[in-house]
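What follows is a single structure, written as structure tokens, with notes after it.
We just call them A, B, C and D in the order they show up, numbering each chain from 1.
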């Protein structure tokens, strides 16, 4: 297996960054990790998860879609997209990589969202295997192997080295370009690490929750369950869970009048917000119960029903850690999943 | 923000003037042909206490380099006590802006009566000079609203 | 479908008709004077004005009209008020078409049709009615029941009288909510009128109007012996982004902007009552 | 204390004095407790918990619950009673419909601090005296309780309960806290340094609105940031201006009403020290308009709805000590 001495990691980033932008998880002043652009002095963080997921790269919280120029009665539409350069995302965990294919099912479905597609096409994903999962992780529940993440290039971090395996053409090209830093070394240590981690993953408290009830044929029964009232009563109606979630993809499109033109932008929106479904007709989800139910029904029932059984959750555990009132998808699955 | 030939910075100033005193003061300055800088854009408000902190912030967003609020002298408010409330609010707001690192000289409150046309003109001249020295508003700017 | 799903085309308003005190019909073509895009009966388009917003509006002209598209818009919010204030020659933004359509070329072919509309609810049905008129041989009896608050509030009144009512193969029944001086026709609410008219049970029903009208008309139709599988409606007022991605319009696992806006009532019956 | 509370709640429920109880529901790991409504004795027996992780302030739930039929029992920690009193003062809670029991608080643990101190993979956690013992996927770990206490509890302003119907445990005192130390430190910085400090903090904001939604002082029926007609309802901050604007307005809107309960900082997913904005207002109010603690009584008029003729002009900001302009 090709590997890189960790002491040469900085050199590796420097080399890759000569060609393309490189993003990697970095510890910020809050003691948590966030993706940042590599520049001299930026240090890779092997923190398990960034606060915000990697979906930002393809579906940013805020993006300008187009500009409008108005003069008299005429309107001109200006596509403000610049041809994007390729970029490399380093250190994406298996759960986040899995979330990309869930987002693809939404944004690349007909009609294709070209903004998303453009960024997707330009990205090279270097994933990072997990070796120290949190108790809030539950990716095995969805069949995700955290010890063998997907992506253009899979990576494993050991005591002193990072091992690489290319999964796509893009990944191979990147490895070739960096070949002078890499060396062929015994990959046995990776297999050992994988086995150890697998054992931990297997024993994670939520690795084997019962999802059997969450399927299309139980839609009405689940929807009408009296348990939603109790589960949703503590919900603050904030957007934390939806914004840290790697698979939440609701958005809003708005116009901003700059005083010398109009910018149309897209930004994240949250189904937990009271005004989310306010539409021409009225607001069909007036209470927090309905909004709370929508989020979990979408992830656990509607989405799999429309997408060959793929759940709209990857078990990254961010919402378990971040919810201000500790009400989360695991508690919902446990409550509703029992007979 | 605008630049003239001599590269001198000319700030955008928004002045919120209370209808009963300061706006009349500005009017008096005009009828007496007292000059005050053209950079000052006056927004008439019913009372200085009508000025919500958001007004101040949004003036900065939309390109103001300085914001000044003018009201009746304490004790002279048309609505008895409006300017007393405005005084507390703006004190706290300005202090907060300072705390966030926004230059404190960009914000000001002045009491100008309907009879003080000359004071209005001199206050504005002074404020424009002060803000001009600070340069363009960078710390509370909305880049989208800047003209390229 | 346009190539870029979110970037609208520029359309020019070439004609504005004041239909009622609060409804205007706008005729829109592309900058080249041609129709912006082809559509099917019951589909919608996203109209927008920079800085004001976007709104989903049903295309009221028939797909058989090859020259232009028309939109009947009721003035009720920011965007619609803006549209009402514009003049001929104004450019606006249009993207679409969105949604499924009434199955005029499949299930409805050969069927007798009963159109039931209330107020501005006529807009999406007008597209179907004119399509049916242009392909008259493909359909059985056609009956239109249309009601409004007053005579002045009947949308497309001129077209109804001059063209639809003049067509001997179409039966038109109009009603208004309250009696007024210059009205000699029926007075009363649509649901009751439908019951009085006793339409043939063989007809397929296409219904659109205020939710409360739909609710009571559907009850009335069931009392008459109609089945839910015979009744279609459209829910375009629930659409937001139009492309099935923004996450708002779903009713259960169905997305109004992709699986709808045209639904048969038995399909809606299988979904959570969250609409 | 947990047992006493459950017993008291059960007794009140059985005597039909109250029909529901607002408390904390046990989670999966001991630290993930959820504020919850209990309506049966069985539920109380099995799921009611009061431990070092019951940090959430229950007073805001009363705005909704006190409007419902029947009396509600609420457990309030000392700092929660300030929020409760402030809400009563603003007529946001129907007092007749609430039975408030004051409970002691020994400070709450910040689970994020435990995580950052090496508490990875926690599956169970409890305190024993001054030690916090965590069972983790990687073995048992021990922490000094003081090291993992949340910031707001390290700077606890009061152990005294303001408003209650009944008190469990001993009554405490108003404390001499050092809660303004960090504000002073910031004030002493230069304008540039302060700007950098806040940019670094506020640029992480994801506009999830958790700080607003959890805040007991934020009880507007419709927030200006949710109102499309306000012109500021942008759901995501487009740039640094909108980040600043949201946080200035949020803090300003609760100025004079904020009891400094610290919930905003507790819930922030990005760990932005939002309490430092609120405390700045509190400190300024104290210094300029006299000592004022929101929620400490029902009578004192709030500093922003009152004035004195002698108040300083806003130019005082220029003359006050602290950092200099760059």
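Annotations for the structure displayed:
The criterion applied here is as follows: contacts are C-beta pairs under 8 Å (C-beta built on N, C-alpha and C of every residue); 3 or more make two chains touch, one makes a residue touch a chain.
Please read all numbers here as calculations on a predicted model, not as lab measurements.
Removal of subunit A in thought splits the touching network of the remaining chains into B, D | C.
The most central chain, judged by the distance from its Cα centroid to the centroid of all protein Cα atoms shown, is A. Note: centroid distance subunit B to subunit D, computed from Cα atoms, is 36 Å. Centroids of subunit B and subunit C (each the mean of its C-alpha atoms) stand 53 Å apart. The mean-CA centres of subunit A and subunit C are about 40 angstrom from one another, to the nearest whole unit. Annotation for subunit B: residues 144 touch two or more other chains. Residue numbers of subunit C whose C-beta contacts span two or more other chains: none are found. Multi-chain contact residues of subunit A (touching two or more other chains) are listed as 252, 254, 256, 269. An unclassified topology is adopted by the chain contact network, corresponding to no line, ring, star or complete arrangement. Pairwise, the chains that make contact are A-B, A-C, A-D, B-D.
The touching residues of subunit A, when paired with subunit D in their complex, are 28-32, 34, 48, 51-52, 61-62, 132-135, 200, 203-206, 230, 233-234, 236-240, 242-244, 252, 254, 256, 265, 267-270, 273-275, 320, 322, 324-328, 330-331. Here subunit A touches subunit C in the complex through residues 65-66, 68, 70, 73-77, 79, 106-107, 109, 111-115, 216, 219-220, 223-224, 249-255, 257, 262, 264, 266, 269, 271, 276-277, 279-281, 284-285, 290, 294, 297-298, 301-302, 305-306, going by the rule given at the top. Against subunit A, in their complex, subunit D makes its touches with residues 25, 27-29, 31-37, 56, 61, 112, 116, 120-123, 136-138, 200-201, 204, 206-210, 212-214, 226, 228, 234-238, 266-267, 269-272. Residues 1, 3-10, 50-56, 77, 87, 89-93, 211, 235, 237-241, 243-250, 252-253, 270, 272, 274-275 of subunit C are the ones touching subunit A in the complex. The touching residues of subunit B, counted against subunit D in their complex, run 53-54, 57-58, 60-61, 74-75, 81, 84-85, 87-105, 107-109, 111, 139-144.
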